[in-house]
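There are two complexes below, and they share chain A, which is joined by chain B in the first and by chain C in the second.
Then we have the complex of A and B:
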C-alpha cells in the first residue's frame, strides 16, 4: 500500500478516486445507461426513432420550446427582483434580521405545494378573485393560461430566495474600498453599481442564473398543475411517456434536456472565464 | 393461540399430501391445493390457510379509495383476525415495480393489488397477474355480472382480473345554472350549449384525466360508423397498433373537427379534479366528470349541492378497477379472503352508497340506496342504459393523436 502511495503515477488516480469515482458511478453510469437505452428498440436493435419523434412530433417540439421558456422566463423575472433585494438586504434597516429570515421561507416549500397555492389564490373564482369581486374587479386568467403566467409566478416565488442568497454573497464579497474608490474618482452611485459592482459580482450572478435555470427547466410539479394543458414541457411529457411504459422515449427526452443543460453550462464557463480575464478574478476557473 | 396452532398443523398436513400447483397458477408460494378450491368448499380450505399465513399486504392505486379500503380492512381484521399491511401507491410506478419483480423471478411484494382496469393488457403481458379464476371460486362472486366475469374491456382474463369497482364518465352540470330543458342529450347539444355559453363548459384534457379520455373515446364511438367503428373497437390491437391506426386514418377527422369547434369555446382543464374545482368556483357550469368523484367532492362540500349528472345519447364510457392476486404472491389464501370480502353484497352496497362506486354484482343497484344519495348519482333513466365499454389502449392512442393533430397545431 505504502509503495502504491509513493508511486506518483498511482497517487493521483487514488486521490481523485473518491470524487471522480463517485461521479462516474452515480452520474456517468446512469447517463451512459440512459443514452444506450435511448438508442434501442424493445427487441434491442439500434434506432434513432425516439430522437426523431422529439424533433418531428408537434407536441414534443412544442414541449422542448416550452421547457426552455419555463426555464428562461422565471429566471429573468427572478433576477429583476433578486438583485435589488440583495442590495436592500446589504443595508441596515429596522427588522432586517427578521426579514432576512422570512424571505428564505419559500426555499422550504415543495414545488407541488406552491402549485396548489397558486391555484387556491390565483384561479378564477379563487381566494383573491373572490376578495376583489365586491370592488368590481376580477383576475385575468393566470392558471392554465397560454403564456404560463401561473407557472412563472410559482417558479419566481420559489426561486427568488435561492437567487437572492447567492447574489447577496457575491455583492458582499466586493470590498467596500473598491466602491469608495469609484465614488472618489467621480463615478455616480448608479455608475459605480453598474460598472464596478455588477461586473465584480457577475460570477455569482451567473451561477445563480444557471442553477435556477436548470432547476426550473426540469421542474415537473408546477407546470403540470398550473401550466397550460396544451403546451406541456418535456418534463411533463416525460412522465406521461413513463406512465405508458415507453422507457426509451423517456431516456431520449432526458438526453435532449441534459444536452441542453450541458450547453448552457459550457456557455456559463465561457462567459465567466472571460469575465475573470477582464477583471482578474476568474473564480469560475 | 391453540386454534392457530391447530390450523397451522392441519395446513402442514394438507400441504404435505397435496401436490403444489404453483407451476399451473404462476403462484410458487401456495400452501394449499388451489386446484381443489370451489365456491362450495372455499371457506373450509382457504380460511385455515389464510390464518396460518397470518398476514396480507395490499396496494391501492386510487387515492380517493383510501377510506373505502380502510373500512374493508377494519371489517377483514375483525372477521378473520388477519393483519393487513396497506400501502397507497402510484399505479404506474407500482405496475413497473411488479413487472421488474416478475422479470427477476422474485416473490411479489404485494398480495392484493387494487389496480386500474385499463392496466390489464400491460400487466398480463408481463406475467404479473396471478392465474387464479377468482370469479369462479370466490363465494361472493356468485352474483358477479357474467359480462365482466371472463373479460375486462374486451380482453379475456379467465376470471383472474375481476373489477370490484365500476365507475362512469358523465357530463356534470350545476342545475342552478343550467335549466333542465338545456341539459344536453347528445354531443351536438353539448357543442351548441358551449357555443352559446363560451368558456362555461370544461373538457378535461384527455392526457390528464380519465373523464377526458373517456369523453374522447365516447365521441369517437358516436361519430364513427362501419369499418371505421369496427377498427376503433377492435380490442385485439396492441397499444402501438392502435396509435398507428389513429395517427394515419381519416376515419377520425369528424372527431378532430368536433374538438376544434368545442375547444374554441370550451375550457380545456388539467385533470378531473381541476374541472370540478372550476365548477365549484362557479367559473364553469358544465364539464366532463366521473360519477364517483362527484359524490366524493359533494361529500366534502367541494361542489355545489345543485350539481347533477347525465349521460349523452349513444353512450359514454363506463370503466372500473380490479383487485387481483399478483403472480408469486406470498399470502395467497389471505389475499383470496380479502378480495372475497370486498365483493360481499354488504360491502358493495356500502361502497355504492358512500362513494357512488357501482358494483359488478347484479344484485346491487342504486335503487337500494337512500333517495338523497340517489340524487347525487346518475339517474336510472340513463344508467346503466347509456354506459358503453371502453378500449383504453385506443382511448390513450386517441389522446396522443389529439395532442398532435389538434392541441399542438
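Then we have the complex of A and C:
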C-alpha cells in the first residue's frame, strides 16, 4: 500500500477514487446502461426508434409538454409565495420561532401522502367542499382537472418550504447596512427591495427555482394521483411503458427527461457565471 | 444658525436605557464629532438621526424642519457607513448614480455631480470598477463620494476609518478634513478614536454610558476638561485626588499646588503627562528637598518624546518629556514641577480606569 502511495502516477487516481469512483459506479453506471439500453431493439441491434417515438407520437409529445408544464407552473406559484414569506420571516413577530420550525414540516412528507391529502381536501365531496356546502358554495373541479390545479397545489405545498429556506438565507446574506444604505440614498423600502435586495439575492433565488423545477418535472406520485387522466407527464408514461415491459422505451424517456434537467442546469451555470463576470456578483455574497 | 438640532433624544431597549436624554446641535458647515468608548450610545444616536433606528423620545430638527418622524429616504441626510455598504452588484459609477436616480435628479445634473465627486474623492478612472476590485481606501472614498453627490443638508459618518490600517487611516483623515473645508458640508462624525476626533473636529461631543459628558473644541477639551471622563478619554492624563482649601490643594503625597479657583474639601485634578516638568536630581543629592520622594519606575522611548512612569508616594505618575538629551534611567530620583492654576474637575469620584 505504501509503495502504491509513493508512486505519483497512482496517487491521484487513488485519492480521487472514493468520490469520483462512487459517482461513476452508482450514477454513471446506471446512466450508461440505460443509454445503451435505449439504443437497442429486442434482438440487440442498434436503433433510434425509441427516441423518434417520443418526438413523433402525439401522446408522448403531450407527455413531454405536460412534464414541462408540471415543472414550470408550480415553481411560478411557489416563488410568488416564497419570496414574501422569506421577507416576513426576516422580521420579528410573536411566534416567529415556532413558525420557522413549522413551515419546514412539508419537507418531510412524501409526495404520495401530499397527493392523498389534496384529494381529501379539495376533491368534490371532500373536506373543504363539504365545509362550504352549507353556505351555498361548491368547489370547482380541482383534482384530476384539465389544468392540473391539483398537481400544482400538491407540488406547491411541497416546494414552498424548500424554496423559502433557500431564499430566506439568500436575503439574510445581504448585510443590513447595504439595505440601510439604499434607504439613506433616497430609495423607499420597495425600491431598495427591487434595486438592491433582489439583484443580490438572485443567485439563491435562481438556484431554488431550478432545483424545484427539476424535482417537480420528474415527479411521479403527485401527477399520477391528482393529475388529469388526459394529460400524463413523461414520468407517468414511463411507468406505464415499464408495466408493459418495454424497457428500451422507458430508458429512452428517462434519457430525455435527464437531458432536459441537465440542459437547464448547464444553462443556469453559464448564465450565472456570465453575470458574475460582468457584474462581479461572484464575491457579492 | 444651527443646521441640526437634537433635543432630548432617548432610546430604550425594554427596561434598559441606551440613551438618556441627549441634546446637541451642529451649526451649518460645522464638523462635529461624537466621541466615546464602544457601547456609549454614539452609533445609536447617529442611526436615530439617520432614521434607520427609532428613538423612544425627543425630537430632531434639520434646517428648522422636524424630521424625526420621517423615513430615512425623506430626511435629506446622507451617511457613510463603517462597512462602507457599497452595492456589490453595481460599478462605482452606478453606486454614485443610485441615489440621484432615486431622487429623480436630471440626467445632465447627475453627470455633473458624479464627475465632480469622482474628482474630489480622487476616484477618476475607477468609474467602471466593481467594489470588490477596489482597495479598502478606495472603497471608503466611493462611500464618501456616494454620500457627497446627494448634496445633503447633513453628512453622517459612522466610524468610516476604523476598518483601515493605521497609515491609510491617517492619510484619509487629512483628506476628509480637506474635503470638508472644500465642500463645507455640515457633518456629524462618530468615532471612538480620540486622536481622530481631535485632528478633524470643529467641536467634540464626548459621550459615555448613554449621556453627553461634555462639549467643546478639541483644544478646550484637551487643555481644560471639566469632567474627569473627558480628561481621561482624550489623550493621556494623571487623575489625582486632592484636598483643596482656598486656592491651594494638597496632592496625594502632600505636595502643594495652585488651583484655578477657590474650592474646599476633596476633589480631583487632571495633569497631562507633558505639563509635568521632570529633571534628574544630582547624584550627590544636593537638592534633596524636592527630590526625595520621586523615583523613575520605568521609561518608554516614543521617538519624539519619552514617557516616564514616576513613583511618588503611593502614586504612579505618567510624565512625558520631549526633546531630552538623554533618558533618565529607572531608579534615579527626579524633581517634578507642576503647572499653576490647575482646574478642579467636576466629577469627584476618582476613576482611574478611564485614564
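The working rule: the second predicted complex is superposed on the first by the 263 of 285 C-alpha atoms of A that agree within 3 Å, B and C clash if a C-alpha of one lies under 4 Å from a C-alpha of the other, contacts with A are read in each partner's own complex, and residues count from 1 in each chain.
Definition applied: a residue touches a chain if its C-beta (ideal position, glycine included) is under 8 Å from a C-beta of that chain, and two chains touch if they have at least 3 such contacts.
This is a predicted model, so every value here is computed, not measured.
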Which superposed partner A:57 touches (first chain B, second chain C, both, neither): first
Which superposed partner A:158 touches (first chain B, second chain C, both, neither): neither
Which superposed partner A:177 touches (first chain B, second chain C, both, neither): second
Touched partner set for A:187, first chain B, second chain C, both or neither: second
Which of chain B and chain C A:229 touches, first, second, both or neither: first
Contacts of A:125 with chain B and chain C, given as first, second, both or neither: first
Set of chain A residues, in rising order, touched by both chain B and chain C: none
Sites on chain A touched by chain B in the complex: 57-59, 62, 119, 123-126, 129, 144, 224-227, 229-232, 240, 242-245
Touching residues on chain B, where the partner in the complex is chain A: 92, 95-96, 122, 205, 207-208, 239, 267-270, 274, 277-278, 280-283, 396, 403-404, 407-409
Residues of chain C that touch chain A when the two form their complex: 50-52, 71-73, 77-79, 81-83, 85-90, 98-99, 102-103, 130-133, 146, 150
Residues of chain A touching chain C in the complex: 175, 177-178, 180-189, 191, 195-196, 199-200, 279-281, 283-285
